[in-house]
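Following are the structures in question.
Here subunit A shows up in two complexes: once beside subunit B, once beside subunit C.
Entry: the complex of A and B
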């Protein structure tokens, strides 16, 4: 009895200890962190002789980063706000990175070595316009200056402190400025553009003070289209809006002269609609048609000559001046599995400065962008290095015909993640290294023991740390007993599928999906989500597991869908099909066929249900469960939630036995003038609940209302759907609903007056936790709603249970109209939220913790006990014993319970929890721009020894005990002998 | 291990006004983040400390960074009540409520939402530093004793040294009887130890 109480006390105390508590030397043991920058939009090299060679890049994810040119590692990186799109970057004074962002209204300078922001200035202007950034070596009032055109205003900005030296407005309504040019060595600037789409305008401006020197304009009979390409500092090339006439306009000394050349004169066959490619190579410009890329040289006064016509996918870099008056540019072309990199001088098309052929992984797709940089070889010739951006968003540095480094930056934009088990360890299959022999094992543990006894030398500590981090155990390619080793399968926005090993985060395979590849029939393919298609564990063990990738050909919900089936072990796409219907929803059904392929129901935009896989067996299984399939749809725009069931086979003209009509069962229409749906949340399909009963103080029982058909919906006043602070508390409210999705019954409705979104919510077991903004207190709040089944509450009577007069065995069903009661409570929470999730364990016994992704891109673990609606200011003794924490108005933030410890998951988007086989442990994967993975035990690892358990100490204890037994035995024998002699 | 909850007194600095009406359609919020020297230096030093501090308006609407002197500014802010958060690894900052008044521009109204303390000017300081790691306790004999193995050893010692004493204090008569019983029964079985198990 004493032992029992001791064990209970032990557990009680251990559960009260700080929740996570990670030691600093345990970093990297169970977690890994990867940093990415996203798809590079613009890159600028910084390769001066002194200092480290860097490349500065801006990306489509609004990131400014500098990378080490030798290794591709990130020196520093800044993530700008979601609306702060980078328009241009450059390096000024050799030490500042200049960025123009937010539609040309924010200009910032960052210190190149460490990323510290040096200055920031905001540029406003009379109207919206193109934003152009031009670094010059002009010296105005002793300052080096930048020329920025944005928002219809030309600014000269000092590089030193960001002060605007002069500004000049171009207020004319119809003027669209296309280029700002500074002819080299001059002290004036040309601003060229179109007015009313048919006038060509040039402004010559004094660069020292912004004074207008000359303004010329010519009318053109047609209309201009879009871009112009700069041919020289006083000549531009443009296309008219029909794409059939090329114009070369020179404005030497302010005099405009133009030449018109029909595109058909240059090419024999009619090329169709052409567009001009933005480039900055002197004397040459390129146009692109559907079939080909055509390079055209300008000779003398507006004479044009086609220099090359390529039918391949060709990418051109900007011009790079390599020596006095000499420019070079790079071309990248695809040829089978190789890419050809050619560097040519601008003045001579036929000669090549460099021609290299590099073998390229097919899974990277086409080259999208190329940036070049030169260096002087030891023999004084020019060498070139090229940075290329591929279709899968990866970034590679090419030099001397080889790939120096590559970065998988596609992983910065993950759309969906699922997991897959690894193969079972069999004889001969093991990929693991040879196990350590006993001596090494013992040596390792002795070292560890020295570590715990603080006897270790610094070398020993280093050895211990290395041993722990490099444990071959965690990165094996086979299943383990604890279920820690899995494959994380991630779908990225580029349409590439990655498999990451949970042990060390390495990429096991990656595959550019064929179904999500741009083609004639599918112009804008986007990936939607991932589902587990086949998870063999009983019948079809020989089969590899596979995942289903669902996508569609376009952003609208009625675009046709595409499916891919990918083998999880090899990454082979064994099936890829284009659907004849759209995909609005994917419902994985809880049924599998004989090969353990899961049945999926795809709902299209017309509310027809399509069954996959399309096999007779699947239809047989499905027929028997036909009447049990329900689903719902949420229409955010109109505020309608509808429930559906299946009706009959499709009545359409085509006989398709896998297509079913649906019927509407119920609908909830929210008044659009007062409520707008902003968030919905449901329970995870694979969540396990250990028990329905909840023991509370006084030996009482409450029954959780556990239904997998629970839907949480949050609505706000339409006015309050904007940013924080845009409305007064009186005109904003937040309404939350708990809806049963089978019957459409509203189980609970609650209004928070004076509150607004954004709302982040998580639903698990019988509770929902949501985060919102309270305008009255001007603080964030988190609320919890717990829902209990009242109809089972009278089962407490023991006699009823004995006689059998109880309803505990009756199934939980949406058909029975359960009486529910709800309990709710709200607390203040300090931070804004980016994501929220809950820990998931295999059997659901372990207590739950919330995983909160804060605005600082950290993940905080918060015990669910802090969000218990039964908390009160003065809990009774019984309640305290039960573990109820006295009520406080705000939720505590304990720094030790940040599971990301001192790391940031920049641009955090979502937190995914996966149950390990070990009941105590959840695998947590947080992704955004960065990836972070860790093991997390909400109630500590009560079912296994901790990693720092010292086997050596145990061994020594046992040896000592055995020795003691022998010694005492000998002693007692001797004593006995002496006694006998006496 | 316990994070030190230190409330810092505001250093009164002659700074410029917090809110000024800027050019364009909105107002400008200027402020400063001050990270006191000496705070947060225990344990881990962060590389490039101020360069990674983000200042966030209204839960991510606008994000800005600090200048070397700690100043930051938000441009083109409409009148209304706003929330500024500071994200800095290693420090806990309270969000700040800032009222931008349309009627009398230039009026400063800022308050920490955590403790409702008003700020006379927008100088943001961390409420406390955050220690993300447990500090390893130095080796002590108590920790060994408290560990399961230590308890095991302790129990053994108790049995080895105290049991003979107990046996000695027993009545010799009773002792003999017990020994006899033991000899008769042989090894005591588990069943006989269980309550009610002795009946058979």
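Entry: the complex of A and C
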């Protein structure tokens, strides 16, 4: 009791200072931040001028970035919106980065050194089409110009200010423009394309004014398919739709002449369906079949010759002109654990300008893209550097046979994150280390002491700061007693698993999962999520923890599933399983076997439940709890929520004792004309709740309705599921439900009229907080619902409680239909939200704070006390003492409570909270394109000394006090003696 | 209390006994002063000493009551102090030992003493209760009651 009062007193005092902030010198102490750009789609080098050499890249995550060519660091970066897909980039005038985005309708110029936008123009046209960006050195009306083909219109745009100089529409409905070509040194442009898939069309346009000079077209018997490859400025190569006939079409001076060559003429064996690889190397093009990549040279009038047939995964770069009239291109091939980089001149296949073999980490997979750049060596020969994009989305720069730098850009697309403990520290290892560093340790503390007493010089302060930031303590590979050091295990879209150390964010291991690798049986594998498979603590401590990776072969829900078990310490995939059923849901069960492996239930598309691990022990454990396991599914397309119980063994023809049939128990069918499910939220499985009682003013008590089977569902009017403002307040409503997923009982239903999504919600303990838009007030709102168990409320007899004669801790069933009451309140909130989470501590004693991912990609902490339905305008004295804040119409945003301080987590997707062993502290990991990690103590670190606590000062104070005691004792003795003699 | 102690027999270091009991002739080697008749003195001696002793007993009883009632004076003061500022713990020393005598009835004073001290204690408890430091409410017994275990388990959600 005394301890509890003590803790409550602590909370009370800590709650007096709700603002938690960071001092400037604490930045980087507990937190780290990493910036990524994602998988590079296109890269342009900028190395001509003196100054920093850089590379401009656009990525699949719609980012434009310039990187330092020496180190790979980001100079500047712009994140375009999710719908603003980059179609092309280039450098113009040596100082502008030109980007064409949003389906060719937005053209922007960015200043190369600092990334500021110089101009933006929007290009519209008569119809949707392919977007092509062509930088030329054409000078129209004294301006350098760009040629852009987009939305069925050819535009010439000034490089200086983005003004459209002339435009020419290609309105013909069936015309598909494939290439826009400007023969070097000429002042006309060819626009080539297919009309109605069988006609080849060329337009010759005057580049000065957009005037049509000539239009030719030829019909072919077959149909064209896919891309064309430019063989020269007046010749293209194409494939017909069967993929078996190659066409070379030349349109010299407007005259179209073509040659048809069956692919089988070039290759002895039938290659199957071929596709053309987009490249721009003069005289050579490449086609790719299932088995091989074939390089074909065009000699003279449409004559074709196979120059090389490679069976490896081969990637070819675009042509690079290295000197007057000479072009080079790069080829990258795999050979075992090495990759071969070859640079060849375009005119001569058999000679090599460069041939290098580089050892490549197997965990990076195949090369996906290569971009080359040349430089002049001191002996005036050509040197080449190559930027390669790997299967795991990483980016590497190769130069002189070595990897100069690499970037793990796969981390920009994290699908799911889980955590794992580190190994326990072995006795006898650390002691020697401490002894060795005793002097260092002492020196450190003396420095700290100087800092505390304000005696430190600026150099000392810098040394202290360095020591704090580089503390080896936080990046050790062992478990600490505060639980701050853990492994963050992240699954990326590329199918790679990363383990990051929470201390400094470094990659401990990374593993490209073989089970999520493309293969014959699994053509389009995708990772779905991660689960903790084995978390050894008690009786299996010598086993390594492991994680379960769930994936499926293909995007459709009935594709077969893939399971993979990965050791958390080493990253080794020790078991991989191709399932014979699909995976619609993964349900971790609250049961573990004797080796602490967690039981998982996988539900397939046919509503069969499959138990994993497939061991007799697991089935024994599961059988004993069989009747208490339920599952539910939310069909958001049809607005149906269904609950199931497990029945007997599967009725299929294969005897499988780990497979169970489901029996539908209940269903909630929402009227499809008025409600559409947009969000659901459940409680975190690992959330600890300290108490079921909530003490309120006047010594009263309310009992929380705490159930892990609580589901929050938010629905909106189908009309209002679009963007904010697309409907009037009268047509729009938001309905929220709290549903018990065992019985299907709707515990609470509430309608917000005139409100609209998107809804972000978080459910914890007995409350749910959600965020939506109020159309009437034109503001965002946040609401809180707290749910209490009224049937327990009469447990008020002190004597019964003292002797323990109550049923408050006896197991409860959802079928007992507890009487519940709910309290709710709404507040205005300034920001729109990207993510919402709640702090999580190990015992759930510490008060909670909401972590809000704002639209500005920052993480804001908001005390849950601001979202308390018992707030009123004038709280009574007792309520004030309890900590109830007077009601205001909007929630305050305290600038100091941004836990990301000055940093931004670009493209914020999700915020993950993990409990540390220290009750006061929660670990926060936010990811999007960037990663951010920090420790957060919602009620301050009341249970530990702060990191900058000076032990030396404490020691000196004690010594000084003891000395003072001795001195005064001696003095008083002497005085007493003198008094006696008097 | 201090005054009584100085005069009383017990608990002192030295004393001059003015009542002369040395009536034995052997000790009388000094002749009585002229005009002094011992016979009359000896005759009265027992009556006087009894009287003296009775007075002393009365006085002791009276003093014992005084001591017993002493906390009463403190009580109001204590109450006031408690009312003023929090609760502090007093050490009530039981000092009836000096008055222990076969002839003195100490039960009454002791009971009063106990009763008054209990009164003080009650006041203290009452104060603690008003401060909310006594577990007299249901909330004090359920504040750290962990949530009840659930029988059923359900999982699921929107299909992946």
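As a working rule, the second predicted complex is superposed on the first by the 940 of 982 C-alpha atoms of A that agree within 3 Å, B and C clash if a C-alpha of one lies under 4 Å from a C-alpha of the other, contacts with A are read in each partner's own complex, and residues count from 1 in each chain.
Quick note on the criterion: contacts are C-beta pairs under 8 Å (C-beta built on N, C-alpha and C of every residue); 3 or more make two chains touch, one makes a residue touch a chain.
Since we're looking at a predicted model, the values are computed, not measured.
By the document's definition of touching, of the two partners only subunit B reaches A:855; subunit C does not. When the two complexes are overlaid on their common chain A, residue A:682 makes contact with subunit C while staying clear of subunit B.
When the shared chain is aligned, subunit B comes close enough to touch A:24, but subunit C does not. Shared-chain residue A:895: touches subunit B; no touch with subunit C. Touch criterion not met for A:365: it reaches neither subunit B nor subunit C. In the superposed model, A:699 makes contact with subunit C only, not with subunit B. Shared-chain residue A:726: touches subunit B; no touch with subunit C. Residues 18, 21-25, 27, 76, 78-84, 105-106, 108, 111, 114-120, 122, 124, 452-454, 723-726, 758, 773, 775, 777-780, 830-832, 834, 854-858, 890, 893-896, 898, 901-902, 904, 953-954, 957, 961, 964, 968 of subunit A are the ones that touch subunit B when the two sit in their complex. Residues of subunit C that touch subunit A in their complex: 132-133, 135-160.
Taken in their complex, subunit A has these residues touching subunit C: 1, 4-5, 528-529, 550, 552, 557, 583-590, 601, 603, 605, 625, 628-636, 643, 680, 682, 689-693, 695, 699-701, 703-704, 706-709, 741-742, 795-798, 801-802, 808-815.
The part of subunit B that touches subunit A in the complex is made up of residues 1, 3, 22-24, 43-44, 46, 48, 50-52, 54, 56, 58-68, 73, 75-76, 78, 80-83, 85, 87-90, 92, 94-95, 97, 113-114, 130-134, 136, 138-139, 149, 152-153, 156, 160.
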